[in-house]
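Below you'll find the structure I mean.
A, B, C and D are the chain letters, set down in written order, and residue numbers restart from 1 in every chain.
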Amino acid sequence: MTKLTHKAAGTFAIAPTPFHDDGRINDKSIDRLTDFYAEVGCDGVTVLGILGEAPKLEGSEAEEVAKRFVKRAKNMQIIVGISAPGFAAMRSLARASMDAGAAGVMIAPPPHLRTDEQIEAIGTDIPWVLQDYPLTLTVIMTPAVIRKIVMDNPSCVMLKHEDWPGLEKISALRAFQKDGSLRPLSILTGNGALFLDFEMERGADGAMTGYAFPELLIDIVRLSKEGRRDAAHDLFDAHLPLIRYEQQPGVGLAVRKYVLQKRGVIASSAQRKPASSITATAKSEVDYLLSRVARVDKRANLQPQSSAAG
Amino acid sequence: MTKLTHKAAGTFAIAPTPFHDDGRINDKSIDRLTDFYAEVGCDGVTVLGILGEAPKLEGSEAEEVAKRFVKRAKNMQIIVGISAPGFAAMRSLARASMDAGAAGVMIAPPPHLRTDEQIEAIGTDIPWVLQDYPLTLTVIMTPAVIRKIVMDNPSCVMLKHEDWPGLEKISALRAFQKDGSLRPLSILTGNGALFLDFEMERGADGAMTGYAFPELLIDIVRLSKEGRRDAAHDLFDAHLPLIRYEQQPGVGLAVRKYVLQKRGVIASSAQRKPASSITATAKSEVDYLLSRVARVDKRANLQPQSSAAG
Amino acid sequence: MTKLTHKAAGTFAIAPTPFHDDGRINDKSIDRLTDFYAEVGCDGVTVLGILGEAPKLEGSEAEEVAKRFVKRAKNMQIIVGISAPGFAAMRSLARASMDAGAAGVMIAPPPHLRTDEQIEAIGTDIPWVLQDYPLTLTVIMTPAVIRKIVMDNPSCVMLKHEDWPGLEKISALRAFQKDGSLRPLSILTGNGALFLDFEMERGADGAMTGYAFPELLIDIVRLSKEGRRDAAHDLFDAHLPLIRYEQQPGVGLAVRKYVLQKRGVIASSAQRKPASSITATAKSEVDYLLSRVARVDKRANLQPQSSAAG
Amino acid sequence: MTKLTHKAAGTFAIAPTPFHDDGRINDKSIDRLTDFYAEVGCDGVTVLGILGEAPKLEGSEAEEVAKRFVKRAKNMQIIVGISAPGFAAMRSLARASMDAGAAGVMIAPPPHLRTDEQIEAIGTDIPWVLQDYPLTLTVIMTPAVIRKIVMDNPSCVMLKHEDWPGLEKISALRAFQKDGSLRPLSILTGNGALFLDFEMERGADGAMTGYAFPELLIDIVRLSKEGRRDAAHDLFDAHLPLIRYEQQPGVGLAVRKYVLQKRGVIASSAQRKPASSITATAKSEVDYLLSRVARVDKRANLQPQSSAAG
């Protein structure tokens, strides 16, 4: 596939890593999940992020997962999260992924390291996504800090905007570009899509998050780019109760895997231990929310498919 | 007024502290705000919380604000937030508030202090609300920790549930009560109402938060108690886009004061400096959300009242 | 007194705030403490820092404490810590202190505020000390960040270097000055003097910390400036076991007040509640350390003075 | 070797992981390092802790390192740090280490997990050391919390006391044992030995830390147990300036590897990247401190050995 550039836009789904119930990686579900993202129209897929339980994988497993997604993807760019405690592991995963055809890598700046040392370690020829991740509290990325990182690192082509919510941050970065102090940069927004409606209006290029209905993300991005504000909000608001429910810290991944399994896209909702989980009550709450979304958006009317990967 | 007990339920609005544009406390707006809460049907009001900019007030100012709310309140219980760096200041504000007729006080457990030392300092005869505040990161209040604090402190009568979102925490606490290990305790939920719909279903007694439409909180609490699930969610979902918008860290207070000013309830949206603020773009986004809410809930169709307090 | 400039050097003692046993401010002990600092040869005194229990004082009390130190000081510059949640309180304390004759103020950059907004609030005509305070974790002040703050704020004349330990930070700042990217700046080091020996060798201008023997700080600063390296380390090492003991988080203030009381400099070791405290075992450990220091430095051979302030 | 029990005492050195300059694990240096610890009289060695750069090792590498230490150790117990993001990796490393003859494992309680789930994952038959690690800020282990973990988990036999400094914590735990609420438990102290003198007096069973002169730890533990208080402090104080220097956050490992290389115990001071490092100035400071320690303790008079492992 082509490499990632600052012109990247649209919807990049963040993929969970599918496991069997016993914790082994489920290759068939990786294939099915990749096909699903392609079928609904994603522009790309981001794998091995935090949602992908990357820290629980051995180095060799991570490479295998990344390669499998890359090889299966058709007309979609794959971005590989490569954050790891050691530079050697980061470099190894980055190189193996790019050799297999990945479009770029994603890196979260660690609390006490300099970004340019990370980039030097993996190589300055790999296009990479800067992950804006505020929850650590030790790294607060103001617009000025982001600008400096981007200007100091020519191979940085995209910001995964994840500040919660940071509408003004998008506006500030776009203003930097207008005054010439920041070069072109793709901005895709995360935050579990909780603010996607307004993020698009503020100038985002698209979405990069793991909401279990990537179709919704694609629709909002499209409607917003077409200037159909009310239509975008109408559809967004129908999904918002579920989007919000997914945002619960420590619960999000379990909810997403539960829904993706219901949709027949992954065979098991298992996580590697230690795993988050949802109770029977929580499942019934999700089911109730799905039934309410389905009144507006038929795609939420889930009839588990029989072709679930196994 | 009567003192707070574990039977407290319903909606306690969290009040901002109204200022003049120059930063002086606006007594008339305190009166108007108190009347407003009474008119819409609040069961109580919580003052001098974090939303109330309490750390920016001098000790004498805090007492005056608390007393003014208490004296104006009719048929509503006033809870006074008394968290402060020194025990003497906490005790002084607690005593002055109770003497004036407050129903109870609210205390957030600080990172390195023991709750029972705090309670001993203010006096064990004052009913108090335990503030569950997770964002500090240094105090994680698991259900077991809450149970221990409640059982060790007989004067604790209520939990302001503020974990984000903590649906399972409510269920766990109610299960403790069923198995006899936790005594009766009122649970009102905060979280800016972002999960009020399900929190009520999980067993909360009501809401304690600062959403600029306390009427909505009252309705959801009532509909939920009546068992009208779909009606509760329908109304809740109409407000959710705005509820969500208010939740932005560092922006919430500015949005709430902006809306309350638009509603004619406070004369100025000014905060004491350092203040958060919202841009013109953000205001237009709030206006847009209000217009959308108004399609379902006419109360959001704001025509600024001419009787604004001054 | 003269205002603080970037040429400030030597030893600025950080003063605790003396209280009576019942928590009232002890004016006589303030006077005695100020005289003590002057007698031993301090160049200045910093009051109302974290060690001074500033957050537990009412605004009016803080002003009175600052004024009393200023008026009693002879040939010593007084720096007043003014950090507070609200800008109005900061400005008020800064203005009152400067009007009374203080040399400057000290400000810690808060997690989510911009320093220039703070300075604008207090006035750009007041010389101020930038407090480098790493323990909050949310504000990590790299040399580059310090340089930017200093260059953006002409009224900043001194850095209270408090990173733990930050020897390389001092070297980096001095290198910035050599390459012309940083203007002249006084650097006094804190860290409870745990690294004062090497900090002076790295280019610090002196010490600003609350060790209960400011005479030792004065000696180390002098010996180091005279180039008497071995003599400086010999004396420093004799005190190091006690310096280290004072560094215990949550215990330091209690140890310092205990020693200052033993020295007859303050009448009571009481803190306002909530207070840290030291056990009888800890006191005997401090006594043992004092007796060991006294083998080398007779000033640690404490015979409580009869002239203790009351 | 025999398994770890609550009777463990003495000095357990925390070992760095030796690498070649190019980052490969240096097996010969592991052997030489193990022999060195045995020769000076250590009772045990703790490997793959934070000091051992464990997060930068692949799972298979970690197992090989642990096994090599275990097989080389003579008359010393090996404790293996097994903290990892996934339970499978923890269990695998724990099982492989115990099968090879390790005495026990060490586990740090993670912010959001329950300890008993961790223990269930690795197996309740493996004796383990509870790592008291305060710097994360999200897990504050009070004496009561430690007691609960120990009483809930019969296979927990030792506390690696690492609170900074926590003298009162040791006293509190020993008091729990006197009142019968805590069962027998070995307490070895870390903190880089900065408080070892008093920790022993408070009731610690010994030391577990990585100071580059484990001989000193052994001497202090012995002298303290013999009741020779002054002799213990005299020797401790001679090393304290260097012990203190090693404590600098982000520098400690580099200093320790530098000294161990100078001592001829490891062939290279290299760390896997990202690596901390020390400047030439810092090295000369360490050399100066060594020369000063050597005036009292000849073992610090380093003449690099020619038999350095390669």
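Basically, contacts are C-beta pairs under 8 Å (C-beta built on N, C-alpha and C of every residue); 3 or more make two chains touch, one makes a residue touch a chain.
A quick note: this is a predicted structure, and the numbers were derived from the prediction, not measured.
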item: Most distant chain from chain A, judged by the mean position of its C-alpha atoms; value: C
item: From the options A-B, C-D or B-C, the pair that copies A-D, where over half of the contact pairs coincide; value: B-C
item: Same vs different contact residues, chain A with chain B, by half of numbers used; value: same
item: Where chain B and chain C are represented by their mean Cα positions, the distance between them in whole Å; value: 40
item: Approximate Å spacing (C-alpha centroids) for the pair chain A, chain B; value: 35
item: Whole-Å gap between the CA centroids of chain A and chain C; value: 48
item: Residues of chain A engaged with two or more neighbouring chains; value: 112, 137
item: Residues of chain A that touch chain B when the two form their complex; value: 137, 164-165, 167-168, 171, 194-195, 197-198, 201-202, 233, 236-237, 240-241, 244-245, 248-249, 279, 281-282, 285, 292
item: Residues of chain C that touch chain B when the two form their complex; value: 23, 55-59, 85-89, 112-113, 117-118, 121, 250, 272-274
